[in-house]
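Chain nomenclature is as follows: A, B and C, assigned in order of appearance, with residue numbering initiated at 1 for each chain independently.
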Amino acid sequence: MTPGPAYALAYAGLWLVLIASAILAITFGPAHISASDVWAVVLHHLGWGDSPVSRLRDAIVWELRLPRVLAAIGIGSGLALSGTVMQVLTRNPLADPYLLGLSSGAALGAVIFLLAGAALLMPLGAFVGSLTALALALLIARLLGGATPSRAILAGICIAALASAMTSLLIFWSATGDSYREILSWLMGSLSGTTWADTGLVGLGLVLCAPAILFSGRGLDAFAFGDAAATGLGIDIARLRWTLLAATALLTGVMVAIGGAIGFVGLVVPHAVRLAVGSRHRVLLPMSMLVGGIFMLWTDTAARSLFDPRELPVGIVTALVGAPAFLLILLRYRRVT
Amino acid sequence: MRLPAFTLATVLVALAAIGSTAVQAATAYPLTVQNCGVDVTFDRAPQRAVTIKSTATELLLSLGLSDRIVGVGFQDGPLPDDLAAAGAGLKVLSDKLPSQEVVLEAEPDFIYGGWESNFAADGVGERPTLAALGVGTYVAPAACRSFKPPRLTFEMLFGEIEEMGAIFDVESAAAALVERQKTSLAVLVPDARRLTAVWYSSGTKTPYVSGGTNAPAMIMRALGLDNIFGDIDDGWISASWEAIVDADPDVIVLVDAAWNSAEQKKKLLADNPITSRLDAVVNQRYLIIPFPASEAGVRNVPAAVDMAAQLAALQFPVP
Amino acid sequence: MTGLVISGAEVRAGQKAILAGVSLSAEKGTVTGLLGPNGAGKSTLILAALGLVPLAAGRVTFEGAELPGMRPADRARLCAYVEQAATTAERLTVRDVVALGRVPFQSAWQAAPSERDEELVATTLAELGMAAFANRLYHTLSGGEQQRVQIARALAQEPRLLLLDEPTSHLDIRAQLMVLETLRRRADSGCMVLVALHDLNLASRYCDRLVILDAGRVAAEGPPADVLDPALLRAVYGVHATIAQLPDTPAPLVIYDRPAVEDDSAAKYD
């Protein structure tokens, strides 16, 4: 496959699919609002024309659906990007963004804040928790003799187990029926009740962290054959690793804080994209982001519309779709090799 | 002086006839009841009962059985005023679900569970195990999950009261209680304004609301409110704000719990950018009910009466 | 000195000395063979030159500049490294792998390889006889084919110094000769090649100078004719061998006889 024109076409195609999906997805939902009315509301808020629907329905589109759709795209692309980087950094195809204790730490932080009565500050608790868990994992890896990828993974498993146990203890000890539900929803990953503030945070996380990661494309390529080869190709591996780890951890921390522990996106999307375009990271990273955004967009739309008027936590849908998808990918890997 | 036998017999029959209208027949033991898929046999009226959940405690107290309660667990809130005195000295086994050992330490012969899940190995114990130890068990029918619960009605609630009366051999108290509740209910006039309502229990991002088959749905029907999720064949559901906003209910019922008060919920609804625009929120059209009264039990009828009064006081502009 | 100069290189692992004062010098335009039994320190010496293994003492310079302390990016533009066994879990084509050799010359925001890059990739693949494999997935190749791809990648870096760690270990004889011919050609056009080899005869044939390492020290250094002798082979390799000199070739030939045993004394088998 000659690079250049074919990839440019693929990019353009993915962007088109993403934008078309977003435009389509905001018309789905339990409330019966016609598609043209939905788009008219959006245009009205952007400055063109009047809102053709009542104040409340306007709020449904502009305050409920649109921020949620945008947040889904952001979180999906962020998680896919993080997952891709983790898989390269740890040289482990089963890595996902939560590998180094990030999601367990976030869960613990979120639960602590929830049970302390600061339910609205759960995102902050999650963020702090994830970064604390990461710091501890890296500390342990150093104590084990130096933060190599395999040691970091092992340390991450330790911390994740510890954080999970503490979370379970806290839930068992002090949760009431209501907080059980909130915690479960968070643990499975849910985009219910996403506000513009949440969407803004997701966007901020992406803007701060994604560029650093995207520009590391060639460094990540050089990593393909390990540290020695990468150094031989001129990459400052220590600096690259730390930069990428920091950016990924921060990005994942924000995504998890807003959406909870949504699984499978960060694991499956990179593999699917790799099957199609190979492992050249300069291409793989941005395409993973686009595919991740599209994937999350549709799974969340399904989560909030399929069982009207009920809502499923989106993590259930990503798991239901992601697990069989992963199986298909593994089968294709086997056939190609 | 010896009364003639004939006169004596007549007097006795007359007395019996008078008595039978005022006193129900005493329970014939052994009594077997079918409760939530399990046949429970009582050889005599239980003397040492443990109640789990406020509704169980309140039911037994309302039947005048306070001296037969040896322990209570997982109470949801304070007792209502009319039962406070009777329940003042009750021994609290645990704030949450007591373990099997703690319950058995109280040497009960009857455990009345407000949730079916209470009877698990890591709870008060499984029903067959307890039966083998001579402890009768009972699950509140409204809480029975093994079988798909039918729509809860007041008739079913009264049935539970009567069944409890039979088990404890206090049929007259039970019948009297049912009569009182039926009378209150009969006096209750459903609101004629055909208002829509949602019963909001908890949840910030995902609202947890009442569907069509539980006690809240039953109360709303009695009040003449059109429950926006009334056609959902389930008790409690996690709904979406979008569905609620789309329905734009006229009235919102708020459950006032110790861990999540009605005031907190009002504030939440007012602060949320979407719900703050709901008519019911803007005009503060709320009905408040304390949590223990919202669960299926003897407080439902008084709560419904109270809510009817709240409802009548709500003003709606003439369209 | 405008070549590679290593003086007094020491590498330690705890108390144990892996390299105990190694010194050598090599001119540009030459092929220097690094020899010695397993564990002698050949790989470590190369890694130390690259700065991947810290030097406890000593210096390594190339064209007068300190090599280990150089910024990796600068070093990668003048020096290419081929490791012994390069494995990857990534799904890369052969062309992708060779294209990695151009990474030191590309900027962070360069999305696609330049024309020059693509030209070099094609040329080096052809040089190693791997042109037909360009679109194959790297991990589907045999060990020997993978090694040749790695060498192509190194050559794509257009290095002035080539460090190779046993690049011929999995190759069949034709491929071995092809690789060494390529290295020879590169040296002839000005590159400085330091290659660790295990085959004494190939080393003798293709290298200008040999450096024999034994337990972290230099046992002998110089042109093959000077270095290869039976006493050295017995001492360093533990083998009895004869050195033959054929009339038309300057490179001496090693003819192996039998392994030396512990209590062997020179007198018994003369």
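Please note the rule applied: contacts are C-beta pairs under 8 Å (C-beta built on N, C-alpha and C of every residue); 3 or more make two chains touch, one makes a residue touch a chain.
Treat the numbers as computed from the prediction; the structure is a model and nothing was measured.
If the chains shown are joined wherever they touch, the resulting network is a simple chain of contacts running from one end to the other without closing.
Note: the chain lying farthest from chain C is B, by mean C-alpha position.
Chain C has its Cα centroid 85 Å from the Cα centroid of chain B.
Separation between the centroids of chain A and chain B, computed from CA atoms only, is 44 Å. With touch defined as above, chain C holds no residue shared between interfaces to two or more other chains. Contacts from chain A toward chain C in the complex involve residues 1, 3-4, 7, 88, 91-93, 215-218, 221-222, 224-229, 231-237, 274-275, 278-280, 282, 336-337.
Interface residues of chain B, counted against chain A in their complex, comprise 201-206, 208, 229, 232, 237-246, 248, 257, 259-260, 273-274, 277-278. Here chain C touches chain A in the complex through residues 47, 50-52, 71-77, 79-81, 83, 86-93, 96-97, 100-101, 103-104, 106, 108-113, 135, 137, 139-140, 157, going by the rule given at the top. Within the complex formed with chain B, the chain A residues making contact are 29-32, 55-57, 59-60, 63-65, 119-120, 176, 178, 181-182, 185, 190, 192-196, 304, 308-311.
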